[in-house]
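What follows are several structures.
Shared between the two complexes below is chain A, which has chain B as its partner in the first and chain C in the second.
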Partner chain A sequence: MAQYVNHDQKFGATEAIYYPGIAKGVALTIRHFVVNMWFHLMKALRIKARPGAITIQYPDQRRVLPAALRIRHRIKLNEDGRLRCTACMLCETACPDNCIYIVPMESPEEVPEEKMPAIFEIDLARCCFCGMCVEACPMDAIHMDTGIAEMASDSRENLVLDLESLLKPGPIVCTGPAFRGKEILELLPHLKDVRAMEHQTQPEGSIYRVGKTNR
Partner chain B sequence: MENNTISIEINGESFSFPPGTNILKACNMSGFPVPHFCYHPCLSISGNCRMCMVELELNGRSKVDVACVNTVAEGLKVLTDTPAVLKARRASLEFLLLNHPLDCPFCDCAGECKLQDYYEQYGNPEYSRFSEEKVHKQKRQSIGHNLKLDAERCVLCTRCVRFFEEVVGKKELGVGHRGAHSEIHALAETGVDNDYTGNVVDICPVGALTDTTFRFQRRTWYLQSVPTICPGCARGCNIELQFDLEHEYKRAGKRAQRIKPRYNEQVNQWWICDSGRYGFGAIDDNRLQQASVSEEGQNRTVSSNEAVKAAAKLIRRFIDKKGTAALAVLASPDETNEGLTALRQLFREGLQLPQIDYRLAGEPQGVADQLLKHADLHPNSRGCANLQLEPKFESGSLATQIESGAISGLICFRHDLPALLTPQQLEQLELLVVFETHVVEWNRQPEVLLPLAVYAEQNGSFTSFDGITQQINRAFAPSGEAGTALELIHALAGELKIKGVPATLEKARVLMSSLSADFATVSGPVAGPSRQVSKEARGIQHV
Partner chain C sequence: MFETIASIIKICFIVVCLLLPMAFLLMWAERKESAIMQDRIGANRASVFGIRAWGLISMMADAIKMFVKEDFSPPFANKRLFHFAPFLAMFAVLITFAVIPFGPEWTLLGHTVKLQIADLGVGFLYMFALAPLGIYAIALGAWASNNKYSALGGIRAVGQLISYEVVVGLSLIGLVMVFGTVQLDSIVVQQGDYWFNGWIPKWGVFLQPLGLLLFFPAGFAETKRVPFDLPEGESEIIGFNLEYSGLKFGLFMMSEFIEMVILGALLTTFFFGGWQVPWLFSDGFHFPWGWDFSLPHTAVVLLQVMSFLTKLVFFGWFLQIVRWTLPRFRYDQLIRLCWLYLLPLAVLNVVITGIVILVLQ
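On to the complex of A and B.
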């Protein structure tokens, strides 16, 4: 809970001695502790089945992610299955963290778009998920709607997404209307080694879980 | 006309110009720039783009007309931004944009495009009213050399056509077909072929002509720019060296991106030749990164400091043993005047070596032409001559002297020795100290090999063949452990305990200005790299 502090305001008598403030803080903590313990106790005694503290039992239980969440990137294909990205480098320019690296190249004669990326990398270790790249893209090629929140890795190199992994995002939790129907079907053929697709309907919206089960 | 000036009024202020001045030029000179595509100060008037609309008022009658075709007249009133003018400009732009493709995201010109800029300033902010299918033309046409033409983006200003015809003097391009289907095309089957093709990319106001060496490499807004001098020949053309250091760690040290001409009335006007323009690859390719010392057939990499120490020891020992006449120095006409001054101070004044030269028989010569190209392919031969870096007595070529045993030690700056001397001659040398910018295949490893900075990596000056001394500016740090000639020679002098060798550019300038009248003024801007934001820094694009 944010409290805005007026810096010109002088301390009152109770603020000046700090102790009432400390007592207030401790009281809040104690209250949460007691209330939670009470709920856990009730649940353990099967008197009331309300969960205790608002802890989500991750990874068994997952939170439904909001549809507008900005999370791991992907690059889209156009209706004809060609890359939408024309390597214009506007996302690279817009990115405040310098995490996008593009090497453009001239596309083969038969491709109508003259320019395409030879290398397209996003360094997730640097990314602050601001979404500027998505805003900047004139071709609507880059999106941050994969819903993939699990991006931990045991090396920094693995955090650099290349073009292939941007086209075929790994385990996905897609939520909300953005991923219903056409969109998810468009993505599916590009998912390498899909072993499971799970569909749940929850009050908050539909969840698709697509992924490799070995991960 | 008796009166030598004509006074006119531009936006209510009075100015006077010589008769025959065209109104567009007059407005530009008076600080009321008029947008234009087809007008170029160096080319004939074509008057086809209709972008330079202004309101002209004479004897109480006024009309909106193009500025470039009309010349000044006594009592003329010019208005450059009345509502009628703005409306006319908007109409011209709308017309130019009717069939223009929506290519900005991948058009190399985006960011330095006149059409983009003018649209931003004067265009119709609403959606296009054109609902028919656009006329499509062929994109990606190779029209010779490094040129690619995108006919769809062309605004048919004919600047490129007029440039080849009027400046180069060769009909290379023409306009074919009619109306909306008009297109620029090469007249010869094989495409354009002359030594100045790159200039049309600069004067093309849009992205219709692009350069394959820069095409799709970097976006223009990434580029930083530094004003400097082309090292390609003795003309001393003024250039902007444009480079990009972003993501450098990934791009394997490819820093220089392109070279654009910089306007200089006296030297090169708006142009440069293709060999100068496309010579930037040498700045980053195949550079010598580290010093090495070779002892008893063992070659090892050392720091530049150590190499300088080793060189000093060997030179001292050599002079003690063989005397000064057996040690020759080959200075480089590619070095700056300041570096050469230090060299002169050390080897001529300090060590008193008689055998100093800057030329080596057999080095390639260029072909001079009418426009810019000079036969001397080095930027600073005149600087060397001014510093009298010539042998004290005539004694035959270096090769014969080495063969006769008169010279047995050589200190060489940037000459392609393996190509110009035979392996036997190199083998005969007892001492070979080489300062080199690039990796060279040695059939006889020099005793000491030191990496030198190229022109883009140092401040200094070059003197052109006709004696104009011009400033060169450092764009980025030397590659690897390379040092400038000034630094290395000063360090070498320190090790040899020779006094009077300048340590800084300023000291070298003071010294050299006392040596030749050519060095009295060093012209050209002194500048560090600038983020390329100003239109001036974009070369001549916005003329």
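On to the complex of A and C.
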């Protein structure tokens, strides 16, 4: 429902002389200051208390992402370890941004599926994360559930995901001193201990550099 | 000789140990206090060897940034005035503190030192003669920048500051009438008296409540802080310091924060007993309910200086709270508030005070 501002409103006696209204506002902010300062002090004294602020300290702490979030894509394998994608081009057709590019090829003889993608690229610079490709896929091959929100890169070329990086759930290898070789997904619970995370895109896929140092 | 050395030491103490650190801490409080009020954390990422010191390192990083930033002056500016203005602004605020008493007379090795840089007989007038020099600084800086927007900001600033200067002066006339002197030290000394068998100290806030209610907003407007920040309005209506960068901008900003310290000092001196501690006399505490503690002279002096500093810190905190609570006035509201509400009330305050003094005689 729309709200209308009454421009003809006359000030009452307490509002017209400003001071009571100002005192009320100042009392509110002082209350916030005192309550938050108390919890900050308790925390500084190592006494268990709720945090003094409601903000999330982003690189140090991460919020739990909602399950229905549509975010960086991945392509699933089936139970036998083969690509689920059969290069049917439905996702490419459904994509409103034309960000999917598929070149199909014939599968090897022994495989039940007739086709598979030779090239499967998603251009993240174009993608609007509408999820239509996920809806369109008859093989349940493409998903947008990696939970990886940091997709920034310093060149457009690096934003094009190829088949290999789509098969891995995004950037996976961590090379920092504390978490070398761990996968990013098993790292996520520990991220509140991690001070810095450096994103690096390389030919074989993206790499997160994770370390305890504050750089 | 002793007088001269004492004066130099006092000036160094005021400028190096009081005004500049207080301004620095106010800048820090500006970020951290506003953050805490708004349920945030505030600047805390900058660190030296992993030490963040609750954001103080961020402030040092800010200061270093201010020093090394390009000091640009616009090509068609009046260079001489452009460089002169920020120094005038700083000068005007630093010189004002000279008459503010921050402690009682201190007998040290047989010499009596007044804890006040200059005990002028016309202290009150001196302050209101020199503090408005800052208005010249703003007008000069705005005009010399050769920029229409800073000139407009300068005009707004001059209009606002001159209007409120009138109210600042008039709202304190009642106080001067009550204490019968314009000497700040004597005003503070007289606030050491008590009413009702010594229960209530005779502070300016009890003598002149209306004066405080008028002086506080007017003084706030003089500091150009948020409900009255039309001279600057850095987020949208860009003001007089538009063309300033680097250290010269830093001087303007620093002078604004020192103005806040001075407003706090004036509120303390005129309305909250200056360096007086309630029920602390020159030989110790005498409480009206009968307790007595005798204290040595030096301890009393230190307590009273600490009392002045505590009040100063409190007002620094409180001014920040007000600044982060209220939105900005519109310009017509600002001028109407001054000339139609505060000024007549200030005159009324003078009249009422005069009548009360006449009746009490």
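Here is the rule we use: the second predicted complex is superposed on the first by the 115 of 215 C-alpha atoms of A that agree within 3 Å, B and C clash if a C-alpha of one lies under 4 Å from a C-alpha of the other, contacts with A are read in each partner's own complex, and residues count from 1 in each chain.
Please note the rule applied: contacts are C-beta pairs under 8 Å (C-beta built on N, C-alpha and C of every residue); 3 or more make two chains touch, one makes a residue touch a chain.
Everything numeric in this text was worked out from a predicted model, so none of it was measured.
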**OP:** Would you sort A:33 into first (chain B), second (chain C), both or neither based on which partner it touches?
**Re:** second
Original post:
Who does A:115 touch here: chain B (first), chain C (second), both, or neither?
Top reply: first
**OP:** Could you say whether A:57 touches chain B, chain C, both of them, or neither, answering first, second, both or neither?
**Re:** second
Original post:
Given the touch rule stated above, what does A:104 touch, chain B (first), chain C (second), both, or neither?
Top reply: first
Original post:
For A:128, is the partner it touches chain B (first), chain C (second), both, or none of the two (neither)?
Top reply: neither
**OP:** Considering only the touch criterion stated at the top, classify A:41 as touching first (chain B), second (chain C), both, or neither.
**Re:** neither
Original post:
Between chain B (first) and chain C (second), which, if any, makes contact with A:23: first, second, both or neither?
Top reply: neither
Subject >> Footprint of chain B on chain A - complex, ascending >> reply: 86-90, 93, 98, 101, 104-106, 109, 113-115, 138-139
Original post:
Residues of chain B touching chain A in their complex?
Top reply: 104-106, 139-140, 215-219, 221-222, 246-247, 250
Original post:
For chain A, which residues are in contact with chain C within the complex?
Top reply: 18-19, 22, 25-26, 28-30, 32-33, 36-37, 40, 52-55, 57, 214
Original post:
Okay, in this complex, where on chain C does chain A touch?
Top reply: 33, 35-41, 47, 50, 213, 321-322, 324-326, 337
